[in-house]
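For reference, the structures are reproduced in the following blocks.
Consider the two complexes below, in which chain A is the common component and chain B and chain C are the respective partners.
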Partner chain A sequence: MTATTTLPAEAPAGRPRERRRRLSSRETVGGWLLSGPYILLFLAAAAIPIVFAIWKSLQKPSTILRPQGGFGGLDAYKSAVTDYRFWDTFKNIGIVMAVWLPIMLIGVIGLALLIHASPGRFGSVMRFVYYIPGALSGIANFMLWVYLINPSISPISGLWTTLGETTIKDATNPFNVPFILAAMLFFQGVGTWVVIVNGGLNGLPEEVFEAGSLDGANAWQVAWHVKLPMIRPWIGYAALMNIAYGFQLFMEPYLLQQVSAGAMQTEYTPTQLTFAFAFTNRNLPAAAAMSVILLVVTLVIGVLTVFRSGLFGEKDAR
Partner chain B sequence: MSAADVATQHRAHVVQRPWSAGRTARVAVMVIAAALVLYPIIGFVAMAFRSQTGVQEGTDGFLGLAGVSIQHAIDNWKTLTAYGPRGGGLFQRWLLNSVIVSVSGAVLAVVTALPAGFAMARLRWRGRRFWLIVTLIAMAMPNTVLVIPIFLQVDAIGAVGQLWPVAVLMGFFPFGVYLSYIHFMTAMPHELVEAARVDGLGEGGTFFRVALPISKQAVALVTFFSFVANWTNFFLPLTLLTSSQQNKTLSIGLQEFIGASPLFNPTSAAGLTVKLWMPELAFATFISMLPLLVVFIAAQRFLIRGQTVGAVKG
Partner chain C sequence: MSTSRARTRLLTGGATAVVAVAALLLAGCSSSGGATGGSSSSSGSAGSTSAASTGESGSGTSGSGGGITVWVDAPRVPAVQAFEKAHPEIPVKMVQNDGTIGGQSTKQAFANFDAAGSGWPDAIFFTSNDDIAWATSSQSNYAANLSAVPELADVIKGYDPATISFCNIGGQIRCLRNDAAPDVFWYDAKFFKDNNYTVPKSWEDYFTLAIKIAKDHPGKISGFLGDAYAVNRYLQAANCPTNSPKSETEVVLNPQNPNCTKMGQLLDQAYQAKALSPLGVFDADAVKASTNLVMTPGALWYGSYLLQATWKVPAGNWTASDPLTWDGKPSMGDEGGGLWGMSSHVTGKEKENTITFMKFVATDPAWQVDLSTGLPAYGPDQDPWLAKFGTDGYYSNLDQLKAAFKSSLAAVAPYQYMLYDTGNVWTQTIPTTLTSGGTMSAALAKFFSTLTDQAKSIGYTVSAG
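After this line comes the complex of A and B, so read on.
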C-alpha cells in the first residue's frame, strides 16, 4: 500500500523501462522469498496476536454458565475503562515518568557531553563504567535494588535511617515508590543511552566545535550553544523511546510489589492491570481490550519516533 | 574540550593549560558519577560471596568486602541447587531452559533477519518500503505490549507451559532486521549486486554466495543483541511458562526464589527446607549474568567496530 504510492518517486519518469519490469517480477519474488521467514515470524509474533486480541476484546467474558462467551460489542472496553483501578494506573505511570524522565534526560545528555569533552582513555573508561549497570538488565537489576532498598542490609542504609525507614515494607511506602522505580529505571537505562547520544555526538563534524572555540567560547559554552542543539534528534528519540517504555512498565513494579510485604498496591501500572485481568480475574476480553488500548498508545509513540525524531525517515524509510 | 584544546594549541602554540576550573569540575563530576555506579555493584557482587551469618551479624566491614570468600560461594551454590521438589535441581534446569530458548531464539533471529535485511537494503520490490516501516515501528515499540495478545494466541492453541513457543516468538527480532539492513546498505555497494547479476546469479544466489560471506559482523551483532534480549526477557516467560515449574527460564526462576525467600515472605518460606537469603539470591543473579558476560566478550570486537550501528537502540 505504502509502496505503491511512493515507488514512482524512486523511479523517475526518465528511467529505462527495463528497470520497472524487473521491479515487478524477478526482484519482487526474490524480495518476498528472502523476507518470507521474517514475515512469517511477524505474523506469528505480532500480526495474528493483535488481530486475535482485537477479536477477543469484542467478546463477552466466558463464565461457567456461558463458556463460549459470544459477541459483546464494546462491553470489554467499558469494563476495562470503568475498572476502579484504570485511571489510577495511568496516574501512577504519570508520576513515575514525571520523576524519571527529567532525571534520565538530564543525566544522559550531561554525561554524554562530559564524555565527549574528554577525549582519550579517561573518556572511554568512564563511558564503559556508565554502561556497566545497563548489562544488569531485567531481573538482575531488580535483585540489585532489592539489596539497596532493604534498610537492614543496604549499603545505603544511612539514607534509609535518615528517612526513618527500618524495613523494606517502610521503604516501599506509596510516597517512595515512584522515586525507587525512577532510580531503578535510571540506573538500568542511563548507560545505554549515554552510549547512543555519545555516538550521535561523535558523528558530528569536528569543525563546528572548532569554529565555536575560535570565536572565544569556552568548552562549557560550546557544549551548551553548539553541541546541545545539534543532538536534538537524539534527545527526541531518547525521550520518545523512554516514554513508550514507561507506558509499558511491568517487571519493576510487579516485583517490587512482591517484596513490599503488601505496602504497594497490586496493580500499579496499566500493564499490571492487563496482567491481572488475564490471570487473576480470568476476564480475557477485558485483558484483550486493555492490551488494545495500550497498543494504540505505544503505536502512536512508535510512529512518532520513526517519522518525527529525524533519525529515521529520510535515509531509512525511503 | 577536545576541539577547544586542539584549537588553542594550533593558534598560540601553548601546551594545554593543566587543571583549569572547568576541567577540574568536569573530571570531578565524571568520577563521582562513576563511583555512584560502581559502589552498589561492588557491594552486590560481594554479597554473592558472603554468608547469611556474616550479613546478619554485620561483621563483614565496608560493603561486606571482608566477608567475601570462595567457600561461601560454594555453599550458596549448594543451597541453590538443593531448591526444588525431590532433592532439588530446579536451578540447573532453569539455567538449561534459558540456554535452550535464548540460543534457539537467537539462531532463528539470525536466520530470518539477514535475508530480510538484505532484501530490504539491496533488492527493489513492491512491499520493500512497507516492511521497512513496519520493522522500524516494531523496533520502536516495547515488546511487552504484545505479550498479553501473544498469551491469548498461545493459550488458544494449548501450548502454554511449553518451551517451543517461547523460542519461536523470541526469533521475531525487528532490531536484527534493522541492523542487517544497515549492514548491507553500508558494507555492500550496489556494484557488487550488479556484478552478481551479470554473473547470472539470482536473488537467492546473490544473497547466499555474495552477501552472506561478507556478513560476519552483522551475524555477530544480531546474535549478540538477540541473545541478550532473550536471556533477560521476563514478561514473555512469565505469562507463557509460569504454569510449569520445570519449564521456567532463569529470569522467572529468580522471581520464584524471591517468592520463596524468608526475607520477604517469612510465612511461606517457613515451610521450605532451603533458605534463600540475600547472599543466595545475589549468587543466583551472579550466575545468571555469566552467560551474558561470555557473549559480551565473544562479541566485543564486533561491538566496538559496529558501535555506530549498534548504538541506535537501547
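After this line comes the complex of A and C, so read on.
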C-alpha cells in the first residue's frame, strides 16, 4: 500500500518538477500581488513593532527616577523578570485560563454540535441567540457584569449571599476573580466561536454523516466519532485565538480593578504589568522586554497548538 | 534526497507555521480572538481617549491664537465654566479626564506627550495629588515653576505655607492648591448626647471609645479602612513614614517605626472589636454602611460631599471637633485637596492666558467661594467661604465645626507625594486581607512589603530611617 502511494511521486522525477517551476514563475507574480497588501499590513502592524520591541528591550532599563540610555544587553529582561509582580501575573493568567479555556472549548464545541444536529429554524434561531452577547459591544457587556458582581444590586445576589459575599469588595476577592473573569470571557466569546465552529461543521460533506447513520451510528455517535475529528482544525483555531486573547487580557481586569474600589491588584495580568512598566515607571525597555516575553510564550503555545490540531492541514502533524 | 527534501519541507512548513501563528496571534490582538472587540491594543487606547482628542488639538504649545487647553475632572468642570463666563475673550478647550483617584490614564497620556514632545494641556487639575511627583520629575518636567511667574507672586503669598507645602518641590512652587483638605474629627453629636459619650481629644481616646461603642451598640462603626485616603487618615496622622523622602531618590519606609507599630496596634484592636469597616468611603456599599457610622476622622469635605450628598445622613446630627492629638500634639492626615498645574511648555499669548486661568481657578470667589465644595486653600477666600458654609442648617453646632476647620489647617502631619501610589497600594492590600479574614496587623505587614517593592521598582532606595 505504502509502496504504491510513494513510488509514483518519486519515480517520474523530471516532468512534474519542470511544470511546477514554470507554473511557479507565473504564480509568483499573482501570489505577490494577492499577498502584497497583507504583507504591508503585517510589516506595519507586526514585524516592524516586533523588531522595534526587540531593539528597545536590549536597551538599558531606565525609570522615571533614574533615566539612562544605551545598550544594556539583557538587563531590561532581568528588570522585568525580577520585578516583584512578574511571576504573580503569569500565575494569575494561568489560573484564569485553567478555569476559562476548558469551559470555553467544551461550551463552544458542545453548542456548535447541538446547533448542527438541530437543523432548520430552531438551529438558526439558537445560533443567533448564542451570538447576541458577543455582538454587544465590550463596554455595554461590561456594565452588565458590574451589576452582576455587585451583591447589593445583582439579580444573582442570592448566589453571592450563599457564598458569604455582601459587598463588591468581598465579591472581587482574589479567590473569586479568576472565576469572574472566566465567566465574563465565556459569555462574551462563546457566541462568536459557536458561529465559527458551526461554519466549519456546515462545510463538511453531508454524505459522510449519512454514511455514518447508515452504518448504524446514532446522532451522538455521529457527533462524537465523525463530526468532532473532522472539525479538529476549527477547534485548534478556536483554542489558538483564545489562548492568544487570554495572554493579552487587559481590559477586563483593568475595569474590574476600578469597580472593585481598588481592591483588585492593579497589575493582575502580564499586559497590565507591561502597562505599569511603560507608564508608571517609564521603563520602556522593561515594557518592551515583557512584550517580547509574551510574544515568545504565545508563539510557542501557538505553534504547539497548530501542529497538534492540524490547523494548517499538515498531515504528519498528527 | 528524499530526506533532504522532507527536511526542507519541514523547515519551510515550520517557518510558515511560525509566521502564520504570529499573524494569527496578532490578529487575535486586534480582533480579540473574535470574541469581544477589545483587548490590549484597544484598551490601551481606551485609557487615553481624552489624551488622543487633546493630542490633536494640542494647540496650546504652538504659541498662536491664545486659546488654551485645560484638563479637569468632573467636579472641576464648573470652575472652567465660571472662567469662560468671566473671561469670554479667552477661548478654552476643556477636556474632562478620568477622575478616578489612582487612575492611570493621565499618567499614560503624559508619558506619551513627554515622549512625543508635544500634546500637553496648558493647565490641568491633577487627578491624583500623587501626579505632582511625576509632573515635577526631571524626566517629565511638565509642571512649570510658578515661583518664577511674577504675575502669580501675590497668589502664592496668599497661601498658608503649610497648605501649599505639597506644591513646594525643592523650594519651587510647582502647583496651586485648589482646596485645603485637612482631617477634622467628625461625629454624630445626637448619638453622643443620647448615650452620654465624651468627644475624644486624642487618637488613643478615639480608639478606646470606638471599641466601647462597638461593644455597647453592636454594629455601630467608627471609621472606614478600605479607601485610598485611609492611609492618610491613620498612618499620616500618626507620623508613620510612608511618604518621607530623604532625597530625590531615597525614601524612608519602616513598618517597625514606633509610630507605625503604635497606630498599627490601635487599628488592629479596633478592627478586631468590629469598630472599623473594611469598606472605603467611596464604595457604593458605604452608603448602606454609613447608617451605622457614629464618628470618624475625615477631611473637611466629608461633611458636604459624603455625609450630606452621598450618604444622605439626616440633617441636624453631625458636627466636627478639633483635630485629635498624637503624642500630645494635634496631628491629622490630609485627604486630597486638589492641585492645579501649569504646563512648562506653554509660551507667548497662551502662556499669558494660562496664567490668567491659573489665577482664576486658584483664587477667584466666583469659583472658590460660590461653587467649590471644599474649603479654599487660598487664604483670603476662606472666611467668605466659611461664612456661607452650613447656612442650610445641616450641621449641628456650626460654630464649633467652623473653629475645627480653622484649627485643622495647622494640624496636618508632614507628607510628600511620591512616584509610587501609596493609596493604591493601600486599597490593594488592606481591604483584601481584611475581607479574606486576615488581621489588621497582617494587612499592614503586606501593605509595607508591597509599598517597599513598588518604591524599589520605580528606582527608589529604601531605608529604615
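Heads up, the rule we're going with is that the second predicted complex is superposed on the first by the 240 of 318 C-alpha atoms of A that agree within 3 Å, B and C clash if a C-alpha of one lies under 4 Å from a C-alpha of the other, contacts with A are read in each partner's own complex, and residues count from 1 in each chain.
Keep in mind that, in the parts below, contacts are C-beta pairs under 8 Å (C-beta built on N, C-alpha and C of every residue); 3 or more make two chains touch, one makes a residue touch a chain.
Keep in mind that what you see is a predicted model, and the values were worked out from it rather than measured.
Novice: Output check: A:84 vs chain B and chain C. Expected answer is one of first, second, both, neither. What do you get?
Specialist: The answer is second: A:84 touches chain C but not chain B.
Novice: Quick one: classify A:174 as touching chain B (first), chain C (second), both or neither.
Specialist: second
Novice: Which partner does A:281 contact after superposing on A: first (chain B), second (chain C), both, neither?
Specialist: second
Novice: Which partner does A:261 contact after superposing on A: first (chain B), second (chain C), both, neither?
Specialist: Touch partners of A:261: chain B and chain C.
Novice: Counting residues of chain A in contact, which comes out ahead: chain B or chain C?
Specialist: Ranking chain B and chain C by residues of chain A touched puts B first.
Novice: In the overlaid three-chain picture, which partner chain does A:39 touch, first (chain B) or second (chain C), both, or neither?
Specialist: First partner only.
Novice: Should A:92 be classified as contacting the first partner (chain B), the second (chain C), both, or neither?
Specialist: Neither: A:92 stays clear of chain B and chain C.
Novice: Could you look at A:63 and tell me whether it touches chain B, chain C, both or neither (first, second, both, neither)?
Specialist: Only chain C; A:63 stays clear of chain B.
Novice: Contact-wise, after the overlay, does A:148 reach chain B, chain C, both or neither (first, second, both, neither)?
Specialist: A:148: touches chain B, not chain C.
Novice: With the two structures laid over each other on chain A, which partner does A:192 touch: chain B (first), chain C (second), both, or neither?
Specialist: both
Novice: Taking the contacts chain A makes with chain B in one complex and with chain C in the other, which residues are shared?
Specialist: Correct list for chain A: 10, 42, 45-46, 50, 134, 137-139, 150, 168, 189, 192-193, 196, 240-241, 244-245, 248, 250-251, 258, 261, 271, 275, 278-279, 295, 298-299, 302-303, 306, 312.
Novice: Would you pull the chain C residues touching chain A in the complex into a rising list?
Specialist: Counting only chain C, the residues touching chain A are 2, 13-14, 16-18, 20-30, 32-40, 42-44, 46-47, 100, 102-104, 107-108, 111, 134, 137-140, 226-228, 248-249, 278-280, 282-285, 288, 419, 421, 423-424, 427-428, 431-432, 435-436, 450, 453-454, 456-460.
Novice: Residues of chain A touching chain C in their complex?
Specialist: 10, 42, 45-46, 50, 63-67, 83-85, 134, 137-139, 141, 150, 152, 166-170, 173-175, 185, 188-189, 192-193, 196, 237, 240-242, 244-245, 248-251, 254, 258, 261-266, 271, 275-276, 278-282, 295, 298-299, 302-303, 306-307, 312, 314
Novice: Across the complex, what residues on chain B touch chain A?
Specialist: Going through chain B, the ones touching chain A are 1-4, 6-8, 11, 22, 26-27, 29-30, 33-34, 37-41, 43-44, 47, 55, 63-64, 108, 111-113, 115-116, 118-120, 123-134, 136-138, 140-142, 144-146, 148-153, 156, 168-169, 171-172, 174, 177, 181, 202-204, 207, 228, 232-235, 239, 251, 254-255, 258-259, 263-264, 278, 281-282, 285, 288-289, 292-293, 296, 307-308, 311-314.
Novice: In the complex formed with chain B, which residues of chain A make contact?
Specialist: Touching chain B from chain A are residues 1-4, 6-7, 10, 19, 22-24, 26-35, 37-42, 44-46, 48-50, 52-53, 56, 110-111, 114-119, 122, 126, 129-130, 132-140, 143-144, 146-148, 150, 153, 155-156, 168, 187, 189, 191-193, 195-196, 198-200, 202-203, 206, 209-210, 212-214, 217-220, 222, 240-241, 244-245, 247-248, 250-251, 255, 258-259, 261, 271, 274-275, 278-279, 284, 287-288, 290-291, 294-295, 298-299, 301-303, 305-306, 311-312, 316-318.
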